[in-house]
Amino acid sequence: MTRIADLLFEVRMLKDLNRTGYAFLGAGEESIAEHCFSTAFLCFVMARLEPGVDAEKLISMALVHDAAEARTGDLNYVHKQYNTVDEPHAVSDLIHGLEWAKNISELIEEFNQGETREAQLANDADQLSLMLELKKLKDLGATSPESWLPFVVDRLRTDTGKQLAREILGTRWDEWWTRGYSE
Amino acid sequence: MTRIADLLFEVRMLKDLNRTGYAFLGAGEESIAEHCFSTAFLCFVMARLEPGVDAEKLISMALVHDAAEARTGDLNYVHKQYNTVDEPHAVSDLIHGLEWAKNISELIEEFNQGETREAQLANDADQLSLMLELKKLKDLGATSPESWLPFVVDRLRTDTGKQLAREILGTRWDEWWTRGYSE
Amino acid sequence: MTRIADLLFEVRMLKDLNRTGYAFLGAGEESIAEHCFSTAFLCFVMARLEPGVDAEKLISMALVHDAAEARTGDLNYVHKQYNTVDEPHAVSDLIHGLEWAKNISELIEEFNQGETREAQLANDADQLSLMLELKKLKDLGATSPESWLPFVVDRLRTDTGKQLAREILGTRWDEWWTRGYSE
Amino acid sequence: MTRIADLLFEVRMLKDLNRTGYAFLGAGEESIAEHCFSTAFLCFVMARLEPGVDAEKLISMALVHDAAEARTGDLNYVHKQYNTVDEPHAVSDLIHGLEWAKNISELIEEFNQGETREAQLANDADQLSLMLELKKLKDLGATSPESWLPFVVDRLRTDTGKQLAREILGTRWDEWWTRGYSE
Amino acid sequence: MTRIADLLFEVRMLKDLNRTGYAFLGAGEESIAEHCFSTAFLCFVMARLEPGVDAEKLISMALVHDAAEARTGDLNYVHKQYNTVDEPHAVSDLIHGLEWAKNISELIEEFNQGETREAQLANDADQLSLMLELKKLKDLGATSPESWLPFVVDRLRTDTGKQLAREILGTRWDEWWTRGYSE
Amino acid sequence: MTRIADLLFEVRMLKDLNRTGYAFLGAGEESIAEHCFSTAFLCFVMARLEPGVDAEKLISMALVHDAAEARTGDLNYVHKQYNTVDEPHAVSDLIHGLEWAKNISELIEEFNQGETREAQLANDADQLSLMLELKKLKDLGATSPESWLPFVVDRLRTDTGKQLAREILGTRWDEWWTRGYSE
């Protein structure tokens, strides 16, 4: 097992890098790692709502979909207008020398293609992960999430994703513990 | 799909709660969500190193193993000496009303039992996730990781986990990009 | 004087640990030490408003009422539903070997019993300390303090505490310097 | 009770203002409120080590000794070379209109004079509070505390203060929980 | 070139010191260095809007106008009521032993006098720099900027400054990239 | 003056975006705005050491050299291996519609070409700005700056830059105020 520690240290960098979109939103903060956790958990949930999907692939795809960002950086919407990212090269360097890791490259490729059911759900999870943050900030009084949310909703492609979105937008971020609170 | 947004908002709280051990370490910082991401990725890697394991269960277990901590809090070693945590009750409330989510409870139970191969690997991943942080901090000059690392190593139970530990401890945290750096 | 440095280093940990309720509030931040300072100052004020109380005991009680939290952690409302805290054991370990420190244990015990005038005032100060933070955040536009405040008000037991609450809720957090501001 | 909420809101500002010395130290961070808590707790301990002192006055003095800093700011050693602070004026405005609060002014005056036993102990506590932070940072590998500590030690005037200093400097910051740690 | 590194290290301290006004505003954060950058860029712009001014002097003045604050600290409105700052002494020590640096002293003096066209524009830039932050925070939902803005507007003295203010107040902070955003 | 507020709000974004290299260094933090301030001040100093240069151009160049990074993002060494940045397009959009702002584009172009004396000095200032941060962190005990510094030194092209580097590396970051400190 050579270079495997390099892979582990490279992927842990995602904890040290923040998603740059929040600077433009003007509220909130989230590391790439936190975003990936959230996306993977959403996929875990989706796998239970759609028993026919390949759960392992769906969750794994969510887990690794931004794995190359330690090398490429997290580029937000504006940054993407001015940068051409060579993600395949980054992924190739990420897994270099680790024969079993070719799977990471395949999962990222499938995610980017967005054609399979798993890829569509994972892409929706990617958006729903952001939606949860926007809803929380909106509930707390921040003004910018209001204008960002419609765009996020519009990006959803699956019925499962859209249904989850309706549920999220119709629930306060702290209801899970405030509902029925009394002293 | 009722209460599902509650579940999603509850689990996203893991991004807002820091692991309390770092205050005692005196260096570094990590949210529970970041730790879970790291643990899940380690399990993704382990699943490729041990093709015989149930990859979906292993990765899912890592993903949800601390899911109850939004309700229980993250208690470090010292805190645990003075608190009795009713995790089953927290898990029960976490999944209440979501019939498909019983799986979360089973995964957490299996993780805590630590008997199956998947549970042993996931528990090792839990430790290796911390080890990656300690190694990084140690490489950067912090003095406390040195005394914590032996305890972390001793908790490992699987050969895969122990081998990964040797690799991690023998690699600098930034080697993945500094190796062969030149201008 | 043995173990006394241990006690001092243990209590200074309260600066490194944040009160977890703010993560659930979604706004603000405060260390346990800051909370204790605020509570103690409120008691200093209360001692002047009620000359008949034992000022030394009142202020000291506020100072040490959360001293065990370096060991137990700061558990918010939700965390408390799932944890049983053995505070007496934590306090016992805190003061172990320091004969003069038995007073800390007695003060915490009296505070928790909430029966004496001093204990009732100190408990109200504990709430008013939070109220000051909620009022500040509410004045700044955060939406969540609004729903938390009525519960805090309801917990007050003394007339002094209730009167201070009315004053706090009727004053803007920055009035002390903005009142009469001109250029 | 008029203007009392103003006083409470003014003093809570000490949580929002950091002690500027740490920027010059290059490590650590502490709000004025945290420092005052620490100083007051040290005085609580000193009162038990020297039963003859006026405990209420000693602890109260520590609690309010920096109360004027919301108005004056926290000026570190360098800043003080270039600023003349009118603390009496700030204290006067702090307590304006609150007849019972004249005590705050007296306590600050006595602290600054440094003549009474209580004032000497409180001034030593002020230094020991910083010493605890420097010792922690030194134990963690920071290089600057080493050069600051001798100056802090030299400022101590009481035997009690000097003895506490010896204890602090001879104890690791995390010994209170690491001593005897095993798994 | 002796003492020149001292000067460079002293001025870089402005990155480590925050402007204290934001603690009183209750929102936002900015280092002195960030403020100086912003002020200098505004002067760069003003120099293009008023071709007759001495651009080098204007921009340089903005760059160094707070250079003495590593020594004096950044005192906000309230702090200034209770402190007498000896800025000339601080500036003298800043440039001590560097014959070519007398220019820094002259620029700061001219800025403080506020008589020349460059000084008036630089002083307006100083205010507009704050205005940009207040407008951003106001757009994001913070309530306090609303009451601060009129005072900032009133301090402007030049037509160029007032025109820039009108433009700033009539533009959303994120319009530069949200204008015409579509997917 | 249309779109001018857009330009001002766009450039102020540099305060909200951190330089990503520090995540890879593992120590320190700096916004792009802080870096630009530092670079501009270094150029102010260089202009006095080399009276023959066009001071206005030199300082302005430093001020705007990263102005496009609100749009492109700050890409560190690793990120640059996987991204192709279209800076001219970003600069063009930055100044769009502002006839007088063509100067910004020219300055950035000249800086990137690195041919004129001013451009060479500004590029050295860009490196010296980082060097000051690395030296501070190294003095404080961080281990990674040691390996980064040689690369930074090697990038310097001018005698003035190299002389300043020698001075910086031979001076402790806090000497400017600790030199001759006594009580």
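Which chain is which? They are A, B, C, D, E and F, in the order written, and residues in each are numbered from 1.
Just so it is clear, contacts are C-beta pairs under 8 Å (C-beta built on N, C-alpha and C of every residue); 3 or more make two chains touch, one makes a residue touch a chain.
Chain identities (UniProt): A, B, C, D, E, F = 5'-deoxynucleotidase.
The structure displayed is predicted, hence computed values, not measured ones.
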item	value
Common touching chains of chain D and chain A	B, C, E, F
Least hop count linking chain A to chain C through chains in contact	1
Pair sharing more residue contacts (C-beta pairs) when D-F is set against E-F	E-F
Chain at maximum distance from chain F, centres defined as averaged CA atoms	C
Size of the rotation, in steps of 5 degrees, that lays the CA trace of chain C over chain F	180
For chain B paired with chain F, centre-to-centre distance based on mean C-alpha positions, whole Å	39
Centroid distance [mean C-alpha coordinates] between chain F and chain A, Å	33
Where chain E touches two or more other chains, by residue	24, 71, 78, 136, 141, 173-174, 177
Which pairs of chains touch, using the document's own definition	A-B, A-C, A-E, A-F, B-C, B-D, B-F, C-D, C-E, D-E, D-F, E-F
Partner chain B, residues of chain A touching it in the complex	1, 4-12, 14-15, 30-31, 33-34, 36-38, 40-42, 44-45, 48-49, 55-56, 59-60, 63-64, 67, 71, 100-101, 103, 128, 132-133, 135-136, 163-164, 167-168, 170-171, 173-177, 179
List of chain B residues in touch with chain C within their complex	13, 16-18, 20, 23-24, 68, 70-73, 75-76, 78-79, 81-87, 89-90
Partner chain D, residues of chain F touching it in the complex	136, 139-141, 173-174, 177-178, 181, 183
Residue ranges of chain F in contact with chain B within the complex	24, 26-27, 78, 141-144, 147, 151, 154-155
